[in-house]
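Down below are the structures I want you to see.
Presented sequentially are two complexes of chain A, the first with chain B as partner and the second with chain C.
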Partner chain A sequence: MKFTRRETFAVAAGFVAFGVAGLRPTTASATEEDAMKAVMEFAGGEPQAGRISLTAPEIAENGNTVPVTVSVESPMTDADHVQSVVLYADGNPNPFVITFNFTPMSGEATATTRIRLAKTQNVIAVAKMSDGSSFMDKKQVKVTIGGCGG
Partner chain B sequence: MQSRREFLQFAAVAASVFGAAGLASNPGRAFAQQKLTQDDLLRFDAKGQVTLLHFTDVHAQLKPIYFRPPDTNIGVGDYAGIPPHLVGEEFLKHFGIDAGSAYAYAHTFLDYEALAKTYGRLGGLDRTATLVKAIRAERGEDKVLFLDGGDTWQGSYTTLKTNAQDIYECMKLLKPDAMTGHWEFTLGTERFKELVEGMGYPFLASNIFDSEWDEPAFEHTSFFERGGVKVAVIGQAMPYTPIANPNWMFPEFSFGIRPEVLQANVDAAREAGAEVVVMLSHDGFDVDRKIASVVSGIDVILTGHTHDAVPRAVEVGSTLLLSSGSHGKYLGRVDLEVSGGKVVGYNSTLIPVFSDVIAPDAEMAAKIAEVRAPYEAECNRVIGRTETLLYRRGNFNGTWDDLICQGIREVRDVQIALSPGFRWGTTLLAGQDITIDDLYAATSMTYPNVYRSEMTGAQLKDIMEDVCDNLFNKDPFLQQGGDMVRVRGFTYDCAVNAEIGSRILNMRLSDTGEPIEADKTYTVGGWASVAEGTEGPAIYDLMEQYITSKGTVNVPDERTVNVVY
Partner chain C sequence: MASAKPRVKVPKSASAGEVITIKTLISHTMESGQRKGSDGNVIPRQIINKFSCEFNGQPVFSCDIEPAVSANPYLEFTAKVNEGGTFKFTWVDDDGSVYTDEQNIDVK
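After this line comes the complex of A and B, so read on.
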């Protein structure tokens, strides 16, 4: 995802101009069910909790470029490693965001990127391990108009 | 080694002894006898090896001020009905303060105007300087840490005109050991950096990162040796500065609460040998109450931002939480006894800075006079007079903002006026002249333009819901720390305990009582928009014009928001 600074802020300014344009997306949004369906398909069943952690801001400073980090506990050996991690955003028009692929040569399964969020929603991260098991973490990120903090 | 249980037992004893003898009774009684003295205010059962002095949210008020405490300060969820969400009689009862006493005046709105006439203004940096010097002299400089919690470089006429040089020079005389911040960033990155580089003490922020590379933008921790104890001070700036304030003024920085970063920094400080870990925070009270429960290893959180004043530190698990008010009204003090690398005892207080009781420090008084000299005549220029109390602080309204909204409606010719829920701004008593100083204490800022726009009813509701969620979300990590946006032109009900989207009910135009309709368009004026390029007159110019045209203003304290529980 690449925005130049100028583009990003042009968008941001448009978004917050008197507050509101960005809050009512005209495109249909995915739902939590759509996203969970995609998760189940990728994971081949219900993922477990644990091992994966997703870090995201409680409130996005700019919904157009929200920094998120995933990291998965794994020895990253041939026998036991993380194969891939997929991110979903369950309130975007299309819930799929990105797939990170790993090999034992990766050394550790950590990745950071910036994503666009149309509105307040859950970001979901799912890791698929070399033994076929899968793990999930989820964080709600609030996309706000901008406040009047004292 | 002290177990957590032992610590809590000790703390309970310390607090109860203090509560009974130390807080209200001595100075309260003395004042009843009309002889509260500087010594009474300084009287304190000093403890241990380390004294922390906390000064925060002065909002550039160099001179003593009136500041009426809120009558409405609602907490939600787990935070309802506990400090700082106590006002008036509940506050007095909780902290054991006598009604009508000096401390009741300092901390509550009860009988405010009458008590203001008895006890006078609070604050003034020259009075604070006297207290800081006295405590340093009594305890020994080697035992005292003086910490500035930020929102220091914004909020007055002279600070606006000098790009904060005035308050900056004065604060330097007080020699703080560290600082963190919030409104400081609205000076713009370049000016902010220039000031930080020259100030001679660190600006600390665990939670500010370079927005391009996501690398720490400032030092997060400073280590001090005080009374033979190694103390780490970790800074935490206002987490939502780029959302609550215009990010285009400081695009280089990304903030956030970042509790995991904070935990790592606390752990690193302990690893480096810190016996005491202090967080100098601009998170706000409820955010830091939660921080104390999710981040382990912090001994003391000195918090600001929400302008709450608690007469003594509150215990949250094994963390002490002190919030030292605003506008220079108080100086916070926490003494720590440290043994075997642990805090084993403490005493705490919030000293109200009664300006008629405390002698001004000559050096600071001279500096204040010097920085104000080029502006003194303009600052004291009278633009009008008020027949009624003008105050701001409160969750939903205050008469100062009612006046501002009236001004916006009239001068910009709009149906609806919005005024941000800032918690800074001082109070004027009925009968007082309104000076340029007073006007700028309520409006001074670097993005002051008053816009005129059209919004649909749906857009208005979205804004109201959004701001309301910043105040009443049950998770403090989603609270931004201001009050509710002030409104003139329509009335509404506010269901504070509901969820976003369901709190703002029954929006009706004030003039006709007609419901606000989602697809109808209304003319709206407001100030302090975070959008770049907002056009319109500056709020302080608009209000000078409005007040001058009226001569005398009269703003009854009407409640137009119906709070529903």
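After this line comes the complex of A and C, so read on.
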């Protein structure tokens, strides 16, 4: 079988395209759907807006350390308190970032930490209350240098 | 990693019922398991995966940590103190080592 010049190019282009598509899964990152699925699973339904506030920089120059603060309005009594807050990052290889577990002895449901972000993406915080209700806040963070290494 | 060194900041004293802020930092590389070394192989994951804080034996705050937390994990949280006592902090490494620290607080 002989290829004309044009056919040779077409075949080569096909291989390149296949190669790129085939490599994709090894560098797969979480998608927004994956993150939302995880949110739904944790919250047991669609979380409501309000009561929770997530503070993160709008632009993070270095994705290796992005400071984030989450705080939830709650009286923090035995009957009514925040049980846990989960942070998700929907563009990281694994959408889970950290789970904070609070008790009435925490006094306030506030916590700060520093996280890694691979690229520009949404950071999502979901709080679960002792009465089973859940609340969500979302912030987009623009990342200049990704934080997951080569 | 034997070099992990915890640092904790707790106020020396507080009034009863006050909500205090506690800051903790532990030096740790938090190897995410995503990076490749110079030989092209993936460097295995080694992170601190759990942190907890207890006051006089009662749980106050705890975290489940994933590789997306930065190196030298920093945590800031609050605690309500009604009486004097001891805060105990525990970090659990992927390799099974446990790092602890204790701090006392006086309540006037």
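As a working rule, the second predicted complex is superposed on the first by the 118 of 150 C-alpha atoms of A that agree within 3 Å, B and C clash if a C-alpha of one lies under 4 Å from a C-alpha of the other, contacts with A are read in each partner's own complex, and residues count from 1 in each chain.
Keep in mind that, in the parts below, a residue touches a chain if its C-beta (ideal position, glycine included) is under 8 Å from a C-beta of that chain, and two chains touch if they have at least 3 such contacts.
Owing to the predicted nature of the structure, the values given are computational and were not obtained by experimental measurement.
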Request  = Examine A:Ala89 and indicate which partner it touches, taking first as chain B and second as chain C; both and neither are also allowed.
outcome  = second
Inquiry  = Let me test your reading of the model: by the given contact rule, A:Ser74 touches which partner, first (chain B), second (chain C), both or neither?
reply    = neither
Inquiry  = Which partner chains sit in contact with A:Asn101 here, chain B, chain C, both or neither? Use first/second/both/neither.
reply    = second
Task = Classify the contacts of A:Asn122 with the two partner chains as first (chain B alone), second (chain C alone), both, or neither.
result = neither
Query = Does chain B (first) or chain C (second) touch A:Thr112, or do both, or does neither?
reply = both
Inquiry  = For A:Ser134, using the defined touch cut-off, is the partner it touches chain B, chain C, both, or neither? Pick first, second, both or neither.
reply    = neither
Note = chain A contact set shared between chain B and chain C covers 112, 147-150
Task = Spell out the residues on chain A that touch chain C in their complex, using ranges where they run on.
result = 64-66, 69, 76, 89, 92-94, 96-108, 110-117, 147-150
Ask   = In the complex formed with chain A, which residues of chain C make contact?
value = 19-20, 32, 34-36, 55, 58-71, 73-80
Task = Would you pull the chain B residues touching chain A in the complex into a rising list?
result = 182, 214, 238, 240-245, 247-248, 251, 254-257, 260, 305-307, 420-424, 451, 453, 455, 458-459, 462-463, 466-467, 469-470, 475, 477-478, 480-483, 485, 500, 524, 528-533
Remark   = In the complex, chain A touches chain B at residues 5, 9, 12-13, 16-20, 23-24, 55, 57-59, 61-62, 67, 112, 120, 142, 144-150
